[in-house]
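Order of writing sets the chain letters: A, B and C. Residues in each chain are counted from 1.
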Amino acid sequence: MSATIRVERVSKRYRSTRVLDGLDLVVEPGVTGLLGPNGAGKTTLLRLLATVMAPDAGRLDLLGRDPARESDRTEIRRRLGYVPQETGVHEDFTAFEFVDYLAILKELTDREARHDEVRRVLDIVGLSDVRHKKLRKLSGGMRRRAVIAQALLDRPELLVLDEPTVGLDPEQRLRFREMLSSVSAGATIVLSTHQTTDISALCQRVVVLDAGRIHFDGTPAELTSQAAGRVWLSDGRDQGARVSWVTGEGRVRNVGTAPSGAELAEPSIEDAYLLLVGTSIPAAEPAA
Amino acid sequence: MTERWHVPTEQLDGYLANGVDPATASSVEAHLVNCATCRHAVAERSGPTLLRDSWASIERSIDGELEHSVENIARRAGVGDREIRTLAPTLSLQAAWLAATFLALLSAAAIARRAGGPEEGLARLAFLTIAPLAPLAAVVTAISAASEPAPEIARVTPASRLRIGAIRATTVMVAAIAMGMVASAMLPGAWIDAVVWLLPALALSGVGALIAGRVTPTTAIGWLASLWVVTAVVAARLTDDRLAAFRPGAQLLYLAIAAIAVAVMAARPDSLDQRSQP
Amino acid sequence: MRGACEEQPAIAVDDQGDNRRSARTLLRSETARTDVVLGRDSGGVQTDERGDDELILAVVDRDLGALRTLHDRHAPWLAARLRRRCGEPDMVMEAVQDTFLAVWRGAHRYDGRGEVAAWIWGIGIRQLIGRTRRRPAPIPYVEEALLSAFGRSGSADSLMSAEDAALLGVEHGDLHGALTQLSPELRSVVQATVLDGLTTREAGKLLGIPSGTVKTRMRRARIQLRGALS
């Protein structure tokens, strides 16, 4: 499969901070997850991929085109679906009007065909029955779904989603997974998230971003295996551990080093993530 | 009240096949109005395809209607869906304050009409100074993010931002100017004297449109409105001519400013877009 | 002379109904208020257990799923009943669809009194009348029925007084006998105004007779009925 996204030595500043620092990245069709703490630069990177803004240095190649050139940028946008992190939506619109408006902006001119498409995407996100309710009367999660729906219009080749699962309850997250798998095969989906569970459930590839740099780029399994042999369960905290916390079962999970008498545990993707970007915690009283 | 008696199956089937006598048919019908159980029995017997097709036709009609009667009128008048959906947020945002400004202008004109001597002159000055502010505010608001549903998403659609900004700005500007013209008709004296605010309006709107993407609408409107009012007042003081800001020399200046603004907009289509930084 | 609406066979009986749809729950009673269950979603058919009154309120609140449930519950019997007033299936289907469009737009007009089904019938029959282009030959509206539904049919200026309505509100069996003694023309007028809830003008349009004649016949019918039932 050929790469649909190439990021070459891209940098972006915001005021005096280097939000992205000489990033190199290649993304292929499928679902790629961007994992990282707040302030890591995920939103900025996604904005670059969605042609919202241009990098200060480096080049981008999206769907074989150069977003720095206006005609290419319009062509990219014809094949793009974008869900930003926060969207204020025009509250007077109904869900249908909102998606229909964006369908018009995506140049779906024939009204009958356009309405069929609007119905199709609203059905995918489960808003069919309430599509004629004003957005201000819908819950936050439903508004979010409307924004996701518009991104699916006209079956984009490139789908950029910034924290799409935030604010969704577990049932809706499940539906979100179904929805992602219903999007065309061959499309390239890049989504950002805080939640490691999203990564294991949704993504074929994961990129860990922190402080504007890439710390990992590979499959979720590869990421998890980074923590192999480095996760232990014990009754007490280890002061040298990278991260350690009390689990729901009352034992302490230590990532990094083992306190005496600890058992090795199966690593999870969260452990690996914490190993990569977590900071040491100060010493605490051992659990009784 | 719950109906305890239900239509026997054969009778219902007979009714649906038009094979019962009219007496029975009518009693079945009267019963159906009151009995959900038997209505359900009828529903079970009708073809599901028919029901699906019927519903599909209904929902297409509902989806095809526009939410407001004004929009439907516009559509029948030939306005395209794109224009209607593009303008709806702007117009609903601005309708209230445009109406308020219109009333203010009418009041100023009414005062000028009824007053005499120095009061008429002051009222006329007030009118002429306020009138260009309506198109200015209308244009700046139309271009600002407040008029754009979901600005960050809209920005990355293929549709031409310039075209959309232009449609919005032009429509509200024309509306505001039309309002001003109507109010002008109420001013005493020659009508031509009453429309000397037009070129200042165009100049202000042009400059406003250029800076609307760069600063917040309040800032843009605030600065330009203040600049204009100060200009009008200072010019009046300096020349001892109350309407100095509206004399032919000044009008030429406004024309030049408006023309330059339009030229800049045409040369740089991105100028109507929002700032790229968050 | 052919009328615009000729009698034709009604809906084809279809035993191979969609199983999922026939699993739809029935109302336990006319005024049941059950908890709202989410309606249809993404192809999966869930049962909508809301009562008709609740659905109307939901439609006022712009719930399209509620309208669909109302449609699925009421369109079949409405179509069947309209088809007995007008034989052209296309005209009937259009009237049915326009009825539910009218429900969508005008749900706030339902005053909460009486059956939703009766309210829907009122809309439906008027939609049909509106579509009738040529004056139809008088349909032999024979037959009667019991009209505890009288008040709910909502005929505002029906010539039947409340007393007469009570007269008609007797047992199914008795009424049948009394009304068969009326001549067909009187019976059809009674049916149109009392059963179908039409005004004299609407009844006249449907039966193809002037309003004055409708009034006259109603008067004679009332006299005969009083005599027969006393």
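As a working rule, contacts are C-beta pairs under 8 Å (C-beta built on N, C-alpha and C of every residue); 3 or more make two chains touch, one makes a residue touch a chain.
Since the model is a prediction, treat every value here as computed from it, not as a measurement.
Q: Could you tell me which chain's Cα centre is nearest to the average position of every protein Cα atom shown?
A: B
Q: Of the chain pairs B-C and A-B, which one is connected by the greater count of C-beta contacts?
A: B-C
Q: Determine, using the mean of C-alpha atoms as each chain's centre, which chain is farthest from chain C.
A: Of all the other chains, the one whose centre lies farthest from chain C is A.
Q: Can you check how far apart chain A and chain C are, centre to centre, with Cα atoms defining each centre and the answer in Å?
A: It comes to 55 Å between the two C-alpha centres.
Q: Measuring from the mean C-alpha position of chain B to the mean C-alpha position of chain C, what distance in angstrom results?
A: Result: the chain centres lie 42 Å from each other.
Q: Averaging only over C-alpha atoms, locate the centres of chain A and chain B and give their separation in whole Å.
A: 37
Q: Quick check: what residues of chain C touch more than one other chain, meaning two or more?
A: Expected reply: 64, 68.
Q: Residues of chain B that contact two or more other chains, please.
A: In chain B, residues 59, 62 touch at least two other chains, as defined above.
Q: Among all residues of chain A, which ones touch two or more of the remaining chains?
A: Each of 94, 131-132 in chain A touches at least two other chains.
Q: Under the stated contact criterion, what part of chain B meets chain A in this complex?
A: Of all residues in chain B, those touching chain A are 59-60, 62-64, 67, 81-82, 85-86, 88-89, 92, 149-159, 164, 276-277.
Q: Per the contact definition, I'd like the list of chain C residues that touch chain B in the complex.
A: 7-15, 17-18, 21-22, 24, 26-27, 29-30, 52, 64, 67-68, 71-77, 79-81, 84, 93, 96-97, 100-101, 104, 115, 117-118, 121, 140-149, 152-153, 172, 176, 180, 191, 195
Q: Looking at the complex, which residues from chain A come into contact with chain B?
A: 14, 50-54, 74-75, 77-78, 80, 82-84, 87-90, 92-94, 96-98, 100-102, 104-107, 109, 111-112, 115, 118-119, 131-132, 147, 150-151
Q: If you look only at chain C, which of its residues touch chain A in the complex?
A: 39-43, 61-66, 68
Q: Contact residues on chain B for chain C in the complex?
A: Touch residues, chain B against chain C: 1-3, 13, 15-18, 21-27, 29-34, 36-37, 39-40, 42-48, 50-51, 54-55, 57-59, 61-62.
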